[in-house]
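Read from first to last, the chains carry the letters A, B, C, D and E; within each, the first residue is number 1.
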Amino acid sequence: MSHLTHFEVFLLFTILKIVVVLVITLTAVAYTVLLERKVLGRLQNRWGPSRVGPFGLLQPLVDGLKLFLKEDMMPLAVERPLFILAPIIALSCALISIAVVPFGAPTMVDGVDIFEIANVNIGLLVILGVTSIGVYGIALSGWSSNNKYSLFGSLRATAQVISYELALGLSLVGVVLRAGSLDLRTIVNSQAAHGALSWNIFGGFQFVAFFIYLMAAYAETNRSPFDLSEAESELVAGYHTEYSSMKFAMFFMAEYANMITVACVATLLFFGGASSPFGHIFDHFATGLVLSGIISVLWFVAKVFAFLLLYIWVRGTLPRFRYDQLMSFGWKFLLPVAMLNILATALALSYHS
Amino acid sequence: MAVPIAFYLILAAILFSIGIAAFLIKRNIITIFMSIELMLNAVNLTFVAFSHMWHQVSGQIFVFFVMVVAAAEAAVGLAIIISLFRVRQTLDVDQINLLKD
Amino acid sequence: MSTNLLAVLPELILTLTGVLVMLAEPLIAPGRTRKPLGWLAILGTLASALAAFYQLHIVNAHGPVTGFYATIQVDAFSIFFHLLIASIVLVTLLASLDYFEQGAVTHAGEYFALVCFGATGMMFMTCSVELLMVFIGLEISSISTYILSGFRKGRATASESAIKYFLLGSFATAFFLYGIALCFGATGSTSIAAIAAGLAVTKTPLLGWLAVAMVLIGLGFKVSAAPFHVWTPDVYQGAPAPVVGLMSTAPKAAAFAVLLRFLFNGTGLYHSHWILLIEILAVASMTIGNLGALLQTDVKRLLAYSSVAQAGYLLVAFSSTRNEAFGAACFYTAAYAAMNVGAFVVLTQLSGFDEKLRSIDDYTGLALQRPVLSALLGFFLLSLIGIPFTGGFFAKFYSFSAAVHGGHTWLAIVGLANSGVACFYYLRLLAALYSRPLAEQPNSPTRRIALPAAIALAATAAATLGLGILPNHVLHLVQRATPQNLPTASAPQLSANPPQEAWMDAKTR
Amino acid sequence: MQIALFIIFGLLAVAGALNLLFQRHPINSALSLVVVMMSLAVLYWSLGAEFLAAAQVIVYAGAIMVLFVFVVMLLNAGEEDRTHGSKIAYIAGIPGAAATFCLLSFVFLSERKQLGSTEIGGYLTNAVSNITEISHTLFTSLLLPFEVTSILILVAILGAVVLARKEL
Amino acid sequence: MNFDPIILTLIILTPLVGAVLLALLPEDATASNGSKRHAIGALVVTLFTLLLTLHLPAHFNYTAAPHTFQFEQNLPWITNPAIRYHLGVDGLSMWLIVLAAFLAPLGVLASWNTIKTRTKLFFVLFLLQQVAMLGIFVALDLFLYYGFWELSLVPMTLLIATFGRTENRRRAAIKFFLYAFIPSAILLVGIIWLYSLTGTFDLPILQALAASHHIAAPPTALLLCSLAFLIAFAVKVPIFPLHGWLQDAVAEAPTAAVMVLAGKLGLYSILRFSFGIFPDQSRHVAPLLIALGAIGIAYGALIALIKTDLKKLAAFSTLSHVSFVVLGIFTFTILGLDGGVFQILNESLIGAAFFILLGLLYERYGTYDMRDYGGLATRHPWMVTMFVVTVLAAAGLPILNGFVGEFLILSGSMQSLAAHHILWTVIGTTGVIFGASYLLWMIQRIFYGSLGARPDEVSGWDLCAREHLELWPLAALFLIMGVASPLWMRAIDTYGAPTANAPTQSSVATQNLLPPPQTASQTASIAPPSLSSQLETRSSALKSPAAAPQEAR
């Protein structure tokens, strides 16, 4: 590749990374759905999908096919442009935020870090920003549907997302304070020294922050027990009542992609990201650059997977909140606690230094 | 290729002027409010451009504060709009005309 | 006490008071009177005024104090405005203690807190020498007044007043900000001292001029100088009377303080340029304000236009030399505050929470039923007209003579002509008050004025009279208070140009 | 790259602003404004203000404008009517805005040489990163405004609660 | 104890304190026919004031040199602008003060029964009016004077607005106020302009400066400034074309207020300030003023002839009378000036008596329309006597006071024929004849002939004791002043009026040759020794304010 300029290499690698990550993410999305259905099934003492393919492994493919091939219904009274735009916003925002996630140890090939699409020194802010844009998808879908259930759903979702974004952001401040940076790699590195002991959640005493983050993230992704925007017992299907076929699938994918993003962020911020939980103890087993890179990626994936399981587990066990409970929980409990956490962290840090 | 600072400033001026025009022309209170936000954004761009020019970070900090203030203003403004709508059931400025001689 | 703490002491006390009021609010059962909160706020304001006196003591002994990396500068000028604002707030709070008892307002606690916070913002405006700080202070004061003006919720006029104030106020803020941005562009700093230094060497003077114009537009809105006064009548009409008393004086005083500091200390170099704009503003305000007031039948609207005109008279003072302009403008602010707050306190007392009395005709013969209040209102109106030996007279006198000394005799003449026109509409109200109604009503039992309101009235009347009889002391104080730019801790950008070389270095990095 | 970014996103911003002006439904205007803000975020980034770019997206596009959209949806605001008032406003507004623009751009163009030009990323003083420098300034020389902003926010919260709360 | 330095302050303060006390005194709600306690209070206060003022003629130095003031009190008050609390009287003002204080209790008595409601408000305002009037007469600082001048407007406006007779009162009040206020704003401009030139508001200093032509300004500007003064005073007098407010105000105002409405304030101000500070300029416009005065005499009398409303008739009669004074003083002869000053006193007394009498009629019959009256002489013999005495005094019957004034004025006007056309004297003299005719005709229509439109309502109630008390002192004064005028002239002569005979020190032309003085102190050094020493003493306490702004710059 010597005839390529540095910039062209960079461009090529980037495109390649995007494609690969996109494919993997979408596949992960599909199989997260399957995972959810299976785990939920087991939790509820039933089998879950099991007919298509071995253990139902082909189910996501078939579901996808079905959604693609179904007739795309467009109700008459909708605001057409926004109605179409909404799922696109939702999905693209969900996918874009993956771009700044470093899912492996820094591994340079031709001067390009192959385990992270874009190295931005304000990666955390980018994620927050992009996810905060994602709410437009939900808001607009409900409004453009011209359906009162949809509108209610999207109003709820909007209010909920705005409310919990505060707690979410504040919960991350402690981590940022510890790392002294918004760069995700730096944050990961700050907790890589002694393995799990130096993870923010343990060594950094950020378990309160993690708890808040978890709550807020569930609310941000409109997941149970905070899935009020699509509470089928009250609002039919909430903001995507009027959606069908591909557009519905996009919302669906957006939700699961968001889950994955949240899981990634949690991993990065609280669980040492792609670093090994055992610190550098086993480093000598994987001395090669690529091997150590791949192992780090595996650690990362494992942690994310654990999170996804937690998501599903929570969904299987916890009942849905009432709307006012949700709001007062966010404003009156999470927010103050998050502030106290910041205060405590800052005090502790200043004491240490 | 380098872009003259003046271009950024003119872009900001365009946005600011459109904001003024929208403030005067739009008839929906919320949209009027939005045009104010547009004007603030134009100012922010000016600040950032000058901050770049002077290599002074204080311009960026000013923008940061403008954002905070804009958020506070949005909260209050929208609350006022809601309380107004509760009483009047309209958002049209031409119908918000009880206060006249 | 550390310098920083000393520098923000009055503001700090007011903020704490506001917070305390908010914290104490839930302790009072719903439906119970919120007066204790009001008293708490009053005590806090008093404490803040005392703190300002303490500052004065320090400043007298050791000279001006800067704090927080020279973002604020406590000098006699700022202390004067601190005291003025504290007094206005004090009077407003006293007058509104009972006001909120009359109506079914459940947010009296929040009202008191908001007044305290708003006053904090205004105080910060007057002592900041960093435009960012000015901006924050301005926003605190503006936002709290937006809210306060819509405080009689459920009344269409209240919300309407609030939204109009809010929209036009924010619009003005955008201009103000643009002005600051251009200042920053011309000098590379937003600190007033640095701007003054930077403008002397800037290579982009046009930006500086534009900046001054934009800031003038923005602050022109805030002080309701014509042609940026359009919000004033509507807002004053719809807002609760005590709040109008507050917002027609305190934020304006603060805005004028900013204007003084910015124009004379910051962009004094461009005096010859902005003086033209000031002249236009002054003439337009006086003329439009007075002509507008002539056509009004609603008393609050009338006073709104009158306040536009008063802003014009005040701006006349700016056309003079530095020291004199400061003296005259500060004196005017104080006198205007005394008489205008007084007038609105009387309106509050006469008209009650529901504001039964709206048009001038509603006031016919009121002097016969409420003699004391009417006499006071008459006195304040006379002061607004500018009868000698009231505060209003000397305010105008100093302002106009400042203009004459500054070589703008024609401005003083326009001002005088306007004062003549102005007495038409003040008199209409005054004559209505004192003319016997067509049908002699039976003597209705005179409502007693509550003690706090009586104190407020006595204070404003005494201040108006005092400024009229002994203007010297105040004038000396304010003339002494003319602030100087102190050298800032962070050295201002003194280069003529953006640092191109450094930038080149950076590029090659 | 700088010029490409500037042209693309500058045009996008102007288009968004114009769309805000010409759209009659508030929600469309709001979305146009979001477009403007996002474009500006890119421009900020190109001028070396990464932190602001992110803040622009998070605060402006992600919070403030969402609030706008939320209120539009909540109040179910419809399209605005063409009224007599709007005609007057057209007559007054367009020339006023045009005059402002002409004045501003005249000044900027005439000072163009003095103002210099930009380079992508732009560098501030030799600080490690934009955020470090911002936070350093923020917590030293501009500490007071930062602290006082809390009062501002307190006031805003207080006001929003007072005004928007339904009376029983 | 020597009261001299503080007597003037006491004179002003007494009614002021009285007003405050009355304001604090609660209204007597139980009294059926209106509360009397405020009336009694006001009477006590005004009588006490009168007593204090009598100190002045008793201790007055009748041999004092012209241009000197007695009973002076000169304290620094405000340094920027240099306002001093400077009071003092001379021959011009001394009797006016006594007169004003003398009329006040009569005014209270005249309002005894007519003001039934809001007595408190009425008497408080009345006393405030008294304060303002006395203040005008004693103030020697231009600014202080202006303050009292403006203050005099307010209670009067309120009195008219509140106690006006008809529905027209609000309009009349506003009209009165505007007519008085706008010119006085011009006056203020003049005062301030003068201040900016000389750096002082102090009248004696200004007079000295003016007399020695040390006011550095172009002649035109000085003339304009003098006109600003003159216009303000002329409206207050009122001089002929500026009398628009008089008719309405007189028609509306209650008797006690009307008694002080016109005449003496404006005329005194012209004599004191226009003549004092602008002797040359005043002389310059004298022909015009003489003409206006003469026209005013005739015009007022002629209009009075055709008026049937008594109040309006009285208004025009007042116009006619004050025009007489204008005619007199602008002749700039000793005779004319003395006569003018004397006539001010006369006019006030006669006017007061006249209005009191009209008030009595109104009190009984509730109308001012002359056509409703007739043949009252038989029912009210005392009243008709008083009416006739007053009318004769007004018409200038020898041995009554009016004669002295009119005679002096007309002869003064004859003396100064060089300065103006004889026609004006002739017209003025004709006015006297008209004056006599409408007054006598009025007597004839009211008191003689058949009973008027409502004969059945004619009451047999002649003057009661209180009314006698009001009128007899006046009637007695008419006579005393008529036969013993030197008693008054003695004091008036000490008023150093600028007469045509007095040598003018330099002409306007030479004035320009003088180096323009910059400050008061500088002026003092240029001025002749005697003057400069005087200035030195006066300005010793002054911090030459004209220089102050320059320092500030």
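To be clear about the criterion, a contact is a pair of C-beta atoms (placed from the backbone, for glycine too) under 8 Å apart; a residue touches a chain by one contact, two chains touch by 3 or more.
Fair warning: this is a prediction, and the values are worked out from it, not measured in the lab.
The minimum number of touch steps separating subunit A from subunit E is 3.
Separation of subunit C from subunit E in touch steps, taking the shortest path, is 1.
Farthest from subunit A in terms of Cα centroid separation is E. Ranked by the number of C-beta pairs in contact, the top chain pair here is B-D.
Set against the Cα centre of subunit D, the chain with the most distant centre is E.
Legend note: the chain whose CA centroid lies nearest the centroid of all displayed protein CA atoms is C. Averaging C-alpha coordinates per chain places the centre of subunit B 6 Å away from that of subunit D.
For the pair subunit C and subunit D, the distance between C-alpha centroids works out to 29 Å.
Subunit A and subunit B have Cα centroids separated by 33 Å. For the pair subunit A and subunit C, the distance between C-alpha centroids works out to 51 Å. Looking at subunit C, residues 132, 136, 139, 143, 146-147, 150, 153-154, 162, 185, 498, 502-503, 506 sit in touch with two or more other chains.
Multi-chain contact residues of subunit B, defined as those touching 2 or more other chains: 9, 16, 19, 23, 33, 49, 51, 53, 55-56, 58, 61, 65, 69, 72-73, 76, 80-81, 83, 86. Taken pair by pair, the chains that touch are A-D, B-C, B-D, C-D, C-E. Against subunit B, in their complex, subunit D makes its touches with residues 1-3, 6, 10, 13-14, 17-18, 20-21, 26, 29-30, 33, 36-37, 40, 43-44, 47-49, 51-52, 55-56, 59-60, 63-65, 67-68, 71-72, 74-75, 77, 80-81, 83-86, 89-90, 92-94, 96-98, 100-101, 104-105, 108-109, 111-112, 115-119, 122-125, 127, 130, 133-134, 137-138, 141-142, 145, 149, 152-153, 155-157, 159-164, 166. Those residues of subunit B lying in contact with subunit D across their complex are 1-11, 13-28, 30-31, 33-35, 37-38, 41, 44-45, 48-49, 51-53, 55-58, 60-61, 63-65, 67-76, 78-83, 85-86, 91-94.
On subunit D, the positions that touch subunit C within their shared complex are 103-104, 107, 110-111, 114-116, 119, 123, 125-126, 140-145, 148-149, 151-152, 154-156, 158-159, 161-163, 167. By the touch criterion stated above, subunit C contacts subunit B in their complex at residues 132, 135-136, 139, 143, 146-147, 150, 153-157, 159-164, 166-167, 170-171, 173-174, 177-178, 180-182, 184-185, 188-190, 233-234, 237-238, 295-298, 301, 493, 498-499, 502-503, 506. On the subunit C side of its complex with subunit D, the touching residues are 8, 15, 18-19, 22, 67-72, 106-107, 110, 113-114, 117-118, 120-121, 124, 130, 132-133, 136-137, 139-140, 143-144, 146-147, 150-151, 153-154, 162, 185, 203-204, 206-207, 210, 489-490, 497-498, 500, 502-503, 506-507, 509.
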